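In structure tokens below, several structures.
Both complexes below contain subunit A, partnered by subunit B and then by subunit C.
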Partner chain A sequence: MDRVDSRQKVTGAAKYSAEYELPNMAHGILVGSTIAKGSIKSIDTKRAENAPGVLAVLHYQNSPKVPGYAQEAHPTEPKPAGKPLQVFIDNQIHFNDQPIAIVVADTLERAVYAARLVKVQYNVDEHATDFDKNVPKAFLPTAAKRNPKHGLNDYTRGKEDAYKNEALKIESEYVIPTEFHNPMELQSIIAHWEAADKLTVYDKTQAVIGTQNAFAKDWKIPVENVKVIATFVGGAFGNGLHTWPHETAAIIAAKKVNRPVKLMLTREQMFTMVGYRPHAWQKVGMSATKDGKITAITHEAIGQTSTYEEFTESTLQQTRMMYTSPNVTTRYRILPLDVSTPIWMRGPGEATGAFALESAMDEMAYVLGIDPLEFRLINHTDKDPEKNLPWSTKYLKEAMQMGAEQIGWSKRQLKPGQVKNGEWLVGYGMGVGTFGANRGRAKVKATLHKDGTLVMQSATTDIGPGTGTAMVQIAAQNLGLPPEKIVFELGSSLYPPSPSQGGSATVATVGSAVHAVCQTLKQRIAGMVAGNADTSFKGATVENLTFKDGYVSVTASPSARLSFADVLKQQNLPELEVTEESSPDASLRSKYSMYSFSVHFAEVQVHPLTGQVRVTNMVACADAGTIINAKTAGNQMIGGAVGGLGMALTEGGVIDHRFGRYVTKDFAEYHVPVHADAPNISAAFVNKPDLINNPNGTKGIGEIAIIGVAPAIANAIFNATGKRIRELPITPDKLMMV
Partner chain B sequence: MIPFQYVKPSKPKAAIDTVAKDQTAMFIAGGTNLVDLMKRGVMTPEKLVDINKLPLRKIERENGNVRIGALALNGAVAEDKLVMEKHPLLSQALNAGASAQLRNMATVGGNIMQRVRCPYFYDTAMPCNKREPGTGCGALQGFNRMHAIFGHSEKCIAVNPSDMNVALVALDAVVLVSGPKGDRKIPFAEFHRLPGDTPQIHTNLQQGELIMAVEIPENPYTKHVHYLKVRDRTSYAFALVSVAAALDMDGSTIKSARLAMGGVAHKPWRLNEAEQFLAGKTANEATFRQAAEIAMRGAKAFEHNKFKLQMGPNTIVQALKNAAGAV
Partner chain C sequence: MCQSKFPNPDLPEEKSGSSHSDARRTFLKQSSLLTALALAPSAALKAAELKYEEKVAAVFEQVKVTLGINGKKQKLSVEPRTTLLDLLREQLHLTGTKKGCDYGQCGACTVHVDGQRVLSCLTLAAMADGKEVTTIEGLADGEKLHPMQEAFIKHDGFQCGYCTPGQIMSAVACIREGHADSEDEIREYMSGNICRCGAYPNIVNAIKEVKNGGQRV
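Presenting the complex of A and B:
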């Protein structure tokens, strides 16, 4: 089925947050600091204030106070240790391009102009932005220190660092640079105080309810007085999971000038103000027997964070559960630097961890002289070795088989540098990905109208995966109503609560609530028809009725048939409204380990003289439970593959440490892949339900779409050239062979 | 946006006079470079003289020369029949630049004049001698992966980012200029300059001088040509190193050669000695390798661009191989 909103999107009818026009709206522009650490000595705003059209220039000295700031309310869940950056609260500078003032003017152009006129002097302190130089400062996250059971603690299964004493082993270090989400849509907000204690925001966010709660706490106003609108979100990849300083800056400004204020970040500010995938160093030690059984893995990681918050991610999770190894050690540390706080970026943690683990798997396979696919099959595990629980479902082997056939794995030579296409060296590589098959709690309201159409509402968002489409399909299947008659409304805090759209959990979470609401609707319809004049309906229950094409009929005597519309008419009901909440069954979930799995295959060509790489084919296969919509699910896998390609070959932030300032902060310097980089990419799914996870049988797709892609490409490059590049991105300068 | 005046004259003389009289005035053509620089606050002209109404769009043949108007669009030139037939190297170089959308806005005059892409030049919070003389060269001890290996000075190590310019210098193009003091012709190799002590001066064009056209003299390089651009992604990225190679072949013997590099100097870098070496030699990898070594004499790299000392010669060899093999 096509996306329900594709027409709106391609015709421009879909409205994104910055596209709303409110009467009397003003425009805000943020001024960023030009030092990485220190304090503001003086801030001269006179010229800016006198510039034409300027309504206000706000900074720490004159900003209206945010009453709830003292509470340190933090909108991400779980809340990281530390204190989120609070705008305009003091003169302290924690990172370069930190927002230190907002200029508000009647037009965007005037705000931009005046923002240039703000002159700031600093007391400069020595900053630390260089990861390598500061590694000794890395520490165990506070969350782990506080709670010995926390997943970020050091982990040992069997003997600690057992690989060290083995004969057949590898030990390698891997580095990924900082990467930026850079969704097409820039982060933007319109803040509108409709009354002194009533706030409406049109906001680019993945978390409607989270944002609503955060702003209610910030401003000490009742939650219901905050309205959050995010009907369309132009991609986010995780950077809408947080409420950011710029959002509060706009709300402060709107309060001050008493007009709605629109604030859209510049592309350069997208690199400093809304999070990123943190720079990470990793080391993997692995040992195996001659016949390919892994005996031990040690995986260590250090991830970058800011000085004011402890950002953590589950970089090492998959190392504990992916392979049978009897001895596993993991150690995770974070390294605070004078930079802004990272935020989860597609495949958070796992994508970083998989680069190391899956590269190491490839390295180990070469040491053993075993085909890397074979090596993974030998170490496949039928139960979760970390939790010692059965999988709810796991069809990774099936996915591997599908992928290997499609990419033509059999053409691959174990020895690198053997296959050529003209001057180009050809190689094949693979990488496995996994991500928790998460599910949360969500509420959906459904209204069956007397014309037989169904409208559902929930405060989730659709950042691109096609959430609305999937929900319509789930309802269509469960209720027996054609999809054209169903509308799913989302992206408003006026709707029943749903969690933020992250962690690949939306279809499992909200889809389960849609399922529940449909079950209830069917029960209500069954109850209504049971008393129908047509006695064939007597004793009708959901079980002995058939719901199809907008009709309910008695399964045993199909001629007893009523349209949903007629059912309502007979009851004299203008509409039938039900609201259901669905949450996972904790006791059932504790008996199983639940993960989605993916496997990525890449075929690459490398030019030995110039180091140019072309990825010529990619195959992405997944065990993601039931596939609700093959098109949107395929989109996710293909988009993730392109994201992984960027991670492998082109993307990387660079800081000039003398200034603690990024030198890569536009699309000319920071290279996201373009169409010419993306080959033919095929996506395929095992498509077997996981009914333990949720009644629709789904597992998440968005994250596993990227997890494992980068190592697949890096491994393919090794297979082509014999060069093992352990620091991403793999640019041509790293690959010249002459 | 910083307020500025905007005029759109229809006669070249009016355009020239306006800019010649006013140090703060600049021409604007496609705007793909200048508008970006204005948005970042790097350039702050107080007056923009839009030249798009001037009759400078034609691509024509005159006495064997191909004459390309300054306002001809990059995309149009790349696809032009005459250019593809007579100077396919130029067509290849143009198509290797930017993206289709940009090529359909960008003009030949603007492309010749495009500024460096050094990140320090673009960030007004960073030091840069080119943008603000005397503040120091941010790149010298900083992130200089994209920077020059030839002709740089302590004051500036930026490279000319254009692809088109590399082909034009190889093809001995001439820039036709009209200015307040009359018309003049500037050989392409003398149009751009090395940074020396005055990196803020971008080219040898004087205030008020307008590029009217470029002229490419007739040459035998219609078959064995190749523009090879090595970059960080397959399209829409500036060159790490690029090479324009043109050969006139007699069987396997090179009668004459033209060779230039991009991404290595403050100007498109013509490789005269390597060309002379190639003349009369047999086309094979060993010859190409020797030529590449000659070409690389005097190269000096910095902390992050040492790879260019290897990528440079390799790309020359590969471009020559491709040119020799091309028919």
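Presenting the complex of A and C:
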């Protein structure tokens, strides 16, 4: 089935957050700091204020106060381990390009011009932005220090660091640079105070309700007085999971000028103001027996964070549960630098960790002289070795088999550098990915109208996977109504609550609530027809009725049938409305371990003289439970593969440490994959339901689509060249220097 | 000051793309004010304070342009620094054309100017004077979608949809230019249009289908 919103997207009718027309709208432009650490000595705004069309220039000295900012934790509560950056509260600078002022003008051009006229002088402190030089400052996250049971604590299963005493072992260090989400839509907001205590925002966010709550708290106004609209979101990949300083800056500005204010970040600001995947150092030690049984893994990681907030992610999770190893040790630390705070980026943590783990698997297999696919099959686990629980479902072996066939794994030679295509060296590699098959709590309201159409609503979002499409299909299947008669509305805080679109959980979470409303609707319809004058329906229950094509019929005698519309008409009902909430079953979650699994295969060609790498074929396979829509799910897998290709070969943030400022600040310096980089990519699904997870049998796709891709490419490059590059991105210079 | 830069008194007000649609109305008032300024230099001291600069700017910093936009002739008054992209989005509310970088690096703002694909963020509105601009909103024939729009839907050539208008405008031009003869050629000539969701293979399939289908694009 095609996407339900495809026509809007191909005609330009889809409205993203900066595209709403409000009367008397003003434009805001942020001014960023030009130092990485220190304080503002003076800020001269006179010229900017006098520039044509300027309505206000706001900064820490004159900004309206955000009432919620002042709220500190109770003295008896433990001091929080950092907090998000608050805008315009003091003269302190924590990172380069920190928003320090907003210029508001009546037109965009005038705001842009005036923003350049703001002159700032600083007291400069020495900054620390160089990861390598500051590694000794890394520490165990406060959350882990406070709670010995916290998952970020050091972990040992079996014997600690057992690989060290083994004969057959590898020990390698891996580095990934800072990577930026860079969705195509710039982060944007229109802030509109409809009354002194009533705020509406058209905001680029993955979390409608989370944003609503955050702003209600900030401004100390009732939650229902904050309206958040995010009907279309132009990609996000995680950077819409947080409320950011620019959003509050726009809201402050709208308050001050008493007009709606539109603020769209510049592409440069997308590198400094809305998070990123943190730079990380990792080390993996692994040992195995001659016949390929892993005996021990130690995996250590240090991830970058800011000085004002502790950002953590589950970098080491896959290592704890993916393979049979009796001895596993993990250690996780964070390193605060004078940079902005990271935020989860697609496959957060796991994508970083999988680069190290799955590269190490390839290195170990090479040492053993075993095919890396065979090596993974030898160490396959039929239960979760970390939690010691059975999997809800796990069809990773099937996925591996599908992928190996499709990529032509049999062409792969154990010894690197054996396969050639003209001058080019050809190599094959694989990488496995996993991510928790998460599910949260969501509510869906469904209204069956007398014309037989169904309208559902929930405050979830669609950042690209096709949420509305999947929900319409789930309802169509469960209610027996053609999809063209169903509408799913999302992206508004006026709808029943749903969690943020993150952690690959939307279909499992919201889809379960759609399933629930459909069951309730069927019961209500059954109740109505059972008491019907038409005696053939007498005693009807959901179980002995068939719901199909918008009709309800008695299964045993299908000639007795009524359209949903007629059922309502007979009852004299203009509509039938039901709202259902669905939550995961906690008891099942304590009995089973629930994960999605993926395996990625890459075929690359490397030019031996130039070090140029071409990915020539990719196959992305997933065990993601039931596939609701093969087209959109496949697209998501393909997209994750393209993202992983960028991670492997092109993407990396570079800071000029003299200034603590990124030199990669647009698409000319920070290279995301373009058409010419992306080969044919096929996606394949095992497509077997996980009914323990949720009634639709789905497991998430978003994260596993990228987790394991970068190591698959790195491993393929090794197979082509014999060169093992452990620092991403694998650019030609690195390949030529080995 | 060149006469042509003055707002055109014949211009119907509702067609003005400027947000200062009252410019013409206040022009006479302001020009006499300018005369007064010239005659009494001391008054200039107070000019900044009274935001005269702004008023002067509103009168003089406008360029009269005539653009064909999606087949409709529009007489507009724009600032010389206004890009075609911002004119479309902010003044004409044709938001189908997207801003993704403002540097000509991402292709989200691709439109057709006199039939050629052009990055509207790198084009000043004034440079498009007298030209025909086609945006994504003008590609379909009424309710009937353009074959490229149909193909993007069929092949799911997008996810979030933000780069899509630019991809489609570029794809149409790519075929018209004769740069869609092979997958590799399509990839090369579409590389100015970034899709961060990574729907590239589907986009290539959509373009291939339209090209091979031989429909008029």
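As a working rule, the second predicted complex is superposed on the first by the 725 of 738 C-alpha atoms of A that agree within 3 Å, B and C clash if a C-alpha of one lies under 4 Å from a C-alpha of the other, contacts with A are read in each partner's own complex, and residues count from 1 in each chain.
Methods note: contacts are C-beta pairs under 8 Å (C-beta built on N, C-alpha and C of every residue); 3 or more make two chains touch, one makes a residue touch a chain.
The structure presented is a predicted model; accordingly, all values stated were derived computationally and were not measured.
Novice: Here subunit A is shared; do subunit B and subunit C fit on it together or clash?
Specialist: They fit: once the shared chain is superposed, the two partners occupy separate space.
Novice: Looking at A:V738, would you say it contacts subunit B, subunit C, both, or neither? Reply first, second, both or neither.
Specialist: first
Novice: Tell me the contact category for A:P482 with respect to subunit B and subunit C: first, second, both or neither.
Specialist: neither
Novice: Could you say whether A:E109 touches subunit B, subunit C, both of them, or neither, answering first, second, both or neither?
Specialist: both
Novice: On the A-aligned overlay, A:V674 touches which partner chain: subunit B = first, subunit C = second, or both, or neither?
Specialist: both
Novice: Is A:P326 contacted by the first partner subunit B, the second partner subunit C, both or neither?
Specialist: neither
Novice: Of the two partner chains, subunit B (first) and subunit C (second), which one does A:R614 touch, if any: first, second, both, or neither?
Specialist: In the superposition, A:R614 contacts subunit B only.
Novice: Which partner, once the models are overlaid, touches more of subunit A's residues, subunit C or subunit B?
Specialist: C
Novice: Contacts for A:R661 in the overlay, against subunit B (first) and subunit C (second): which applies, first, second, both or neither?
Specialist: Only subunit B is touched by A:R661; subunit C is not.
Novice: Enter the shortest inter-chain Cα distance between subunit B and subunit C once the structures share a common frame, rounded to whole Å.
Specialist: Taking the overlay as described at the top, subunit B lies 5 Å from subunit C at its nearest C-alpha.
Novice: Same subunit A residues contacting subunit B and subunit C, which ones?
Specialist: Touching subunit B in the first complex and subunit C in the second, residues 109, 113, 666, 668, 673-676 of subunit A appear in both lists.
Novice: Of all residues in subunit C, which touch subunit A in the complex?
Specialist: 19, 48, 51, 53-54, 57-58, 79, 81-82, 86, 89-90, 93-103, 105-106, 108, 135-137, 139-140, 145, 149, 152-154, 156, 158-165, 168, 183, 186-188, 190-204
Novice: Would you pull the subunit B residues touching subunit A in the complex into a rising list?
Specialist: So the residues of subunit B in touch with subunit A come to 1-3, 41, 99, 117, 119-120, 122-123, 125-126, 138, 141-143, 145, 228, 230-238, 240, 307, 310-311, 314-315, 317-318.
Novice: Going by the contact rule at the top, pick out the subunit A residues touching subunit B in the complex.
Specialist: Result: residues 34, 109, 112-113, 116, 607, 609-612, 614, 649-650, 654, 656, 658-659, 661, 663-666, 668-669, 671, 673-677, 729, 731-733, 736, 738 of subunit A touch subunit B.
Novice: What residues on subunit A touch subunit C, complex-wise?
Specialist: 2-3, 5-16, 18-19, 21, 27, 50-53, 106-109, 113, 181-186, 232-237, 264, 266-267, 462-466, 631-632, 634-636, 638-643, 666-668, 672-676, 678-681
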